[in-house]
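Sharing a structure, written as structure tokens. Questions coming.
Chain naming follows the written order as A, B, C, D, E and F, and within any one chain the residues start at number 1.
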Amino acid sequence: MQSVLLMAIVSGLWYWFSAGLAGYTLFSMLKSPTFIGFCLGLLWGDPITGIMAGGSIEVVYLGLVAPGGNIPSDKALAALIAVPLVLMSDMSVELAVSVAVPVGAIGVLINNLRRYFNAIFVHRADELAVEGDVKGIWRNATWYPLALGFVMRFPIVFVANYFGADLINQLLTIIPEWVLHGMSVMGGLLPALGFATTIFMIGKREYIPLFFIGYFLVEYSGLTTIGAAIFGLMIALIISYMGGFPRLRGEIAAESSREEVSPKTARRTNQDAIDEMMGRK
Amino acid sequence: MQSVLLMAIVSGLWYWFSAGLAGYTLFSMLKSPTFIGFCLGLLWGDPITGIMAGGSIEVVYLGLVAPGGNIPSDKALAALIAVPLVLMSDMSVELAVSVAVPVGAIGVLINNLRRYFNAIFVHRADELAVEGDVKGIWRNATWYPLALGFVMRFPIVFVANYFGADLINQLLTIIPEWVLHGMSVMGGLLPALGFATTIFMIGKREYIPLFFIGYFLVEYSGLTTIGAAIFGLMIALIISYMGGFPRLRGEIAAESSREEVSPKTARRTNQDAIDEMMGRK
Amino acid sequence: MQSVLLMAIVSGLWYWFSAGLAGYTLFSMLKSPTFIGFCLGLLWGDPITGIMAGGSIEVVYLGLVAPGGNIPSDKALAALIAVPLVLMSDMSVELAVSVAVPVGAIGVLINNLRRYFNAIFVHRADELAVEGDVKGIWRNATWYPLALGFVMRFPIVFVANYFGADLINQLLTIIPEWVLHGMSVMGGLLPALGFATTIFMIGKREYIPLFFIGYFLVEYSGLTTIGAAIFGLMIALIISYMGGFPRLRGEIAAESSREEVSPKTARRTNQDAIDEMMGRK
Amino acid sequence: MESNNKTQLTKRDITRTYLRWWWTAEISNSFERMQSLAYAASMGPILEKLYGKGSQGLKDGLQRHLAFFNTQAIWGALIIGTTVAMEEQKASGEDIPDETITSFKSGLMGPLAGIGDSLDFGTIQTIFYSLAASFAVTGNFLGAFFIVAFSVIHFFVGLGFMHTGYQQGRKSIMDILQSGRINAMIQTASILGMFMMGALSANMVRLETPLEFNVSGSVINVQETLDGIVPGLLPLAAVLLVYWALKKDKFTLSQLMVIITIVCLVGAFFGIF
Amino acid sequence: MESNNKTQLTKRDITRTYLRWWWTAEISNSFERMQSLAYAASMGPILEKLYGKGSQGLKDGLQRHLAFFNTQAIWGALIIGTTVAMEEQKASGEDIPDETITSFKSGLMGPLAGIGDSLDFGTIQTIFYSLAASFAVTGNFLGAFFIVAFSVIHFFVGLGFMHTGYQQGRKSIMDILQSGRINAMIQTASILGMFMMGALSANMVRLETPLEFNVSGSVINVQETLDGIVPGLLPLAAVLLVYWALKKDKFTLSQLMVIITIVCLVGAFFGIF
Amino acid sequence: MESNNKTQLTKRDITRTYLRWWWTAEISNSFERMQSLAYAASMGPILEKLYGKGSQGLKDGLQRHLAFFNTQAIWGALIIGTTVAMEEQKASGEDIPDETITSFKSGLMGPLAGIGDSLDFGTIQTIFYSLAASFAVTGNFLGAFFIVAFSVIHFFVGLGFMHTGYQQGRKSIMDILQSGRINAMIQTASILGMFMMGALSANMVRLETPLEFNVSGSVINVQETLDGIVPGLLPLAAVLLVYWALKKDKFTLSQLMVIITIVCLVGAFFGIF
């Protein structure tokens, strides 16, 4: 029962739901090309071909982190377009991947759009909080954003799978080369936004040198992330056992203990700065 | 005057005395294959061949440390079997070494046995101490363990040298392959016991991160021990000049100064933990 | 208007003035072989050949530092001899460099002589200070040393350029091989004098471990100076944010603040030690 | 100081709060306030139970937890678990000011984001997924298994963090806040987090320039020249620039996203990147 | 606080104590208490001289020095030298409690073991013996000379440490104990010792597995997979496991030795190692 | 504590002092007191203006600034700028003892020498000059441009440091001296400076021995043997020896220079180096 329509619908729904990011450890699974390959393969009656295609796509995206919610490229979108191509049209995995990876870049844009629009819901929640409307807040935190996502996600995958590779290729030839390249450059830069946000949230100047040491240790020695983590943890423990940074002892105490400082002052130290970053007074 | 009997007796006595570990800097000399080769060579009237054979064996064991008394392999035993083989039977050095190295593993077992039995003497000393018997304690600390060692060490080397390589080869073919392999695995693991004991004796949690830094620095960079020692010393000085670990300032002071703490508490901090490790209440 | 005499005079003057070290950022420019090549090239009407020769010489001396005033080799002297050789006698750049580099070693000696004689002027300034003679001090700090330099610098370059390469070659064959070699060894050692002086001036034992870490980090990892600077700066910031070396907090405070310590004691801590180094009571 | 505790939270309450957090954490993520809506939505039912439906305490609580928040959600469960305990004590009459709760959240979210991103995603997930892919490409179904396994384990780690946070908070939050142990914790986490941000930036941020200058005959390759000075200058500059823009209140996150998009496209158009 | 010193120790007494220590240190080494018997035996005559034959002081002293002890004996001479001075002062009436002496010994034995093992044996002896071997293999007798030279030098270094320890102890042990300088010393030595234990473990502990899993077609080499994550995982695990077993009072050293022997043989039999 | 300031220094005074310092700094450099004459000569006119021609204050000031001084002159502008401010306040009646000024100078000259030598000359100048040379060898005049550019930029950096030093000193020297901020500054600079002295020594000091020993057949190459132990032993030994000679008051700088010259020549003659 190999139905192209069914494949297109399932893939479209899959993209919608996985990119909607419901279930923190669920979506990491749903977005894995390996897993997608396996499931779509099952649907098409050929799980072996499916998982092989999925695994090949997985390799391209190994080690990705989406700091601060900024995905450097949308591997689920790529997989949901490439895997069906391989299953349904006997396209070679290599070719399918090379078609799908640029499409994945479009997923990055959609994700950013979504995070613009999501501001609507947090503003509505601000109002509902005043009324103590717990249920309303929940709806704004879950169902509405998910619903909004459907409009932005389902069509692209459905169309691509239903009308097939030709359409995609035409589409890609229309887009000028520099736009595609620019989008892949953006994929390399987006994590910078997330890392900078985290650094900003950690915030105290005393910690900044550690950032540089971590950065250049890896640049010069080619240490893996896990190797860096070992040294980082040990350095953190040693510094902390030695008494840490004295200036911060007072400061954090002031922020978190109530007697020693007036509420106003405490409040200003971190949260306000962050509020300004986000654009609210 | 090339007497096989004399060679067997001298070698047997040598093994007994050197493995008895009398004279802390003396036995390190007596256990050196180079030195053994030279002396046995002299005895056989061919010091040049002797020292060349000894040197070749030395190379195999360079850099060995016996932390906590756990020798990873018994190079003296290996040398005391291989050197006579070369001298007396014109066996090639390479072959002699390959025969002797597995035999060396047996020395590790003997050494462990010795350290089990030595517990007898310390228990006797416990009793003699109550009576203030200085001489008796001395005997238990020196002559008795040495005497005990004779039974365990002399025969194996004497037999091996008197009856020669054939016997050894037969012996080795009897022992199953996996036993020999298991003993060489043990040689690689035994230092772990010694290092862990030392880490346990140093004991405070504040120092643990330094262990990991030392370990992974060497693993990742391939630094030699002396290179590591330079960095270790400098790190130790810097931390100490910065004031060390504040929590330990109080604690060690409490352990070593009498006014500030009750004797009972002070006593418990380190020695008791160690006593428990050793199995006495 | 290619005049050998003019070239010899300009080069001689150039050497005198640049080695006189007037204008801290001026002489670094005037001593650059690239710049010398360009200017002498212009003078000879062939700036392209000039700058190419200069650039080739520059490469030999890249990365030189003259710590504590100890130049490891006199690149200006080398350039002022090699560049005219190339311009005037069509000698190949490679040959000119190999002639000029040993001559550069002589410049190191001259520089050291100059720094012996300069002691005269500081002694005269000591006397003038008592009388408050600002102008006299200025003369001793500038014109007199510059004038003295003329005698020591101008002739060698003038003669070399006017009488040409042959003379230099004869000169070099007279000097025994070991003297030239010894002078190049000295070029490698002189920076040690400067670094040791600086270490001595920084002075406190707490900082010494940092010297060794910097040294062996570079020896073992081959890090460039700028790479080392990054790690050095970060380490300095971390230590300082952690409170630095407590013993030095009191000490430096005592040295620089007036209430807490008697002038006599404060004065002794650093300046006196330095005075002794320089040989005055 | 025995409390006039009205409502006692059960283990199930905590687990359900975790499930809410686990489910919503990323759905409503916005440039403006990231996970703040998710935080408030997850806390909602608990606040209702503690302060009472329609009460002022509930309204205040909901607004309190709508403040900006962002972290890696699994490690973040430690934070949400502890704040549940704080709210419980606050509701029972303890004098815990809003600022304590808010600054506890904002003090830990950064370090835990750094640790979680680098450890969970940069390291452990990468190991699992590499194994998965190496099986998958040979057509072995174990590939899919490793993907699922990571998700399941990761889920339960988060649940564990949640309960740990709550327990710790219940037992000793007052002690902790006063003793400075919380401070040591935050410092250690911040140091590790910041260090890992550096390490991860070096591994993940990518920016190169194909620019070449041809100056009367000599070709200068800009990227090679930069690498010759210090490796990784451009990615580092990018991170620092964004950080600086945030720090100096120059731009909001949404503006920066637009700027980055434009810069990348324009740069690509002119061949700068 | 002038002391009513009865017996004055001479330089010769110190040297002879060193000779005793040098001779016995390892002979009676047992899993149960390692060098404690050697320590007591070496101190015996000194204690007899200080407290008097058959005195209670002697008996107490002997028992005191039968407490667990282990270190690298050359650096350990620093400890034994200092305790001789302590006993001298105690015998002369100073109020030095047993605990001070015992904790001084147990505070320094670990760090000095670490330093001595890595520096003397891991480094300097290795250099001497490498030189020796490089001569020996060419049949050059200088090879034997280097071996002897190391022993002789090493012997005198220990003698020096012994006298230094005694002198320091005599001059200023009370000051030192109170001023915190001893604490700084122990901390510095502990840091270096612990660091070197790590470095030496990485160099000396060896454990590899030849295991391979064949899962429906794909062959997984366990050792390569582990190395791909972090190099040296197995040896590290071994050290940590033993440490943990000691720390948690699970096993005594003798038991651990038996366990290791069994594990290695069984592991070899089943092809795990 | 309003001051009875007689003379007010202008921006021009500061700039002119910088110009004097920039011009003279190295001209009169001697082994005996290095840049002390340059320092005094640069301060002269300012002191004259502040204390008055022929005044005792002027005479004292000139002598004060003839004390030993040496630093990298561009970073040293920070020092001279600050001391100008100190003299201004001293002249206006503030009670700033000679020792404060002198120890401020001697506390910072070392670290700033280390930083300036490694950063300005070892790093930035090397980058500029490498670029220059790479152009020059192809006959491109841009080569000369980079040389000039570095000089000009370097000049203005020094000018900036001068004014910064003066401004800081004027505003807050009393505060700074008392608050310990100056101490933190000196410590940070000293750590960086000392670290860089190590790094630069490793890069710049060169000493090798061609010695070989032929002991009954085996050839021992001394340099290779040393490198096998620790890389860079000889250059390190050289630096430490000179340092030790200065520290122990064994030799003055001029004597050391003579000794080094002799050692190098003799060593070369006997084939030791």
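A few remarks follow.
As a convention for this text, a residue touches a chain if its C-beta (ideal position, glycine included) is under 8 Å from a C-beta of that chain, and two chains touch if they have at least 3 such contacts.
In UniProt terms the chains read A, B, C = PTS sorbose transporter subunit IIC; D, E, F = PTS fructose transporter subunit IID.
Computed from a predicted model, the values in this text were never measured in an experiment.
Touch-path distance (fewest steps) from subunit B to subunit F is 1. Identification of common neighbours of subunit A and subunit B yields C, E. Graph distance from subunit B to subunit E, where chains that touch are one step apart, equals 1. For the self-contact between subunit D and subunit F, the two sides draw on mostly distinct residue numbers; the shared fraction is below half. Averaged C-alpha coordinates give centres for subunit C and subunit D that are 53 Å from one another.
Between the Cα centres of subunit A and subunit D there is a gap of 12 Å. Measuring from the averaged C-alpha position of subunit B to that of subunit C gives a distance of 56 Å. For subunit F, residues touching at least two other chains, in rising order: 127, 134-135, 138-141, 229-230. Along subunit B, residues 208, 210, 212-213, 216, 220-221, 223, 226-227, 230-231, 233, 235, 237, 239, 242-245 each make contact with two or more other chains. All chain pairs that touch, listed by label, are A-B, A-C, A-D, A-E, B-C, B-E, B-F, C-D, C-F, D-E, D-F, E-F. On the side of subunit B, the complex with subunit F involves touching residues 226-227, 230. Within the complex, the subunit D residues that touch subunit C are 229-230.
Contact residues on subunit C toward subunit A in their complex (touch as defined above): 221, 223, 227, 230-231, 233-235, 237-238, 241-243. Chain contact summary for the complex, subunit E toward subunit D: residues 215-218, 225, 229. The touching residues of subunit A, when paired with subunit C in their complex, are 205-206, 208-210, 212-213, 216, 220-221, 239, 242-247.
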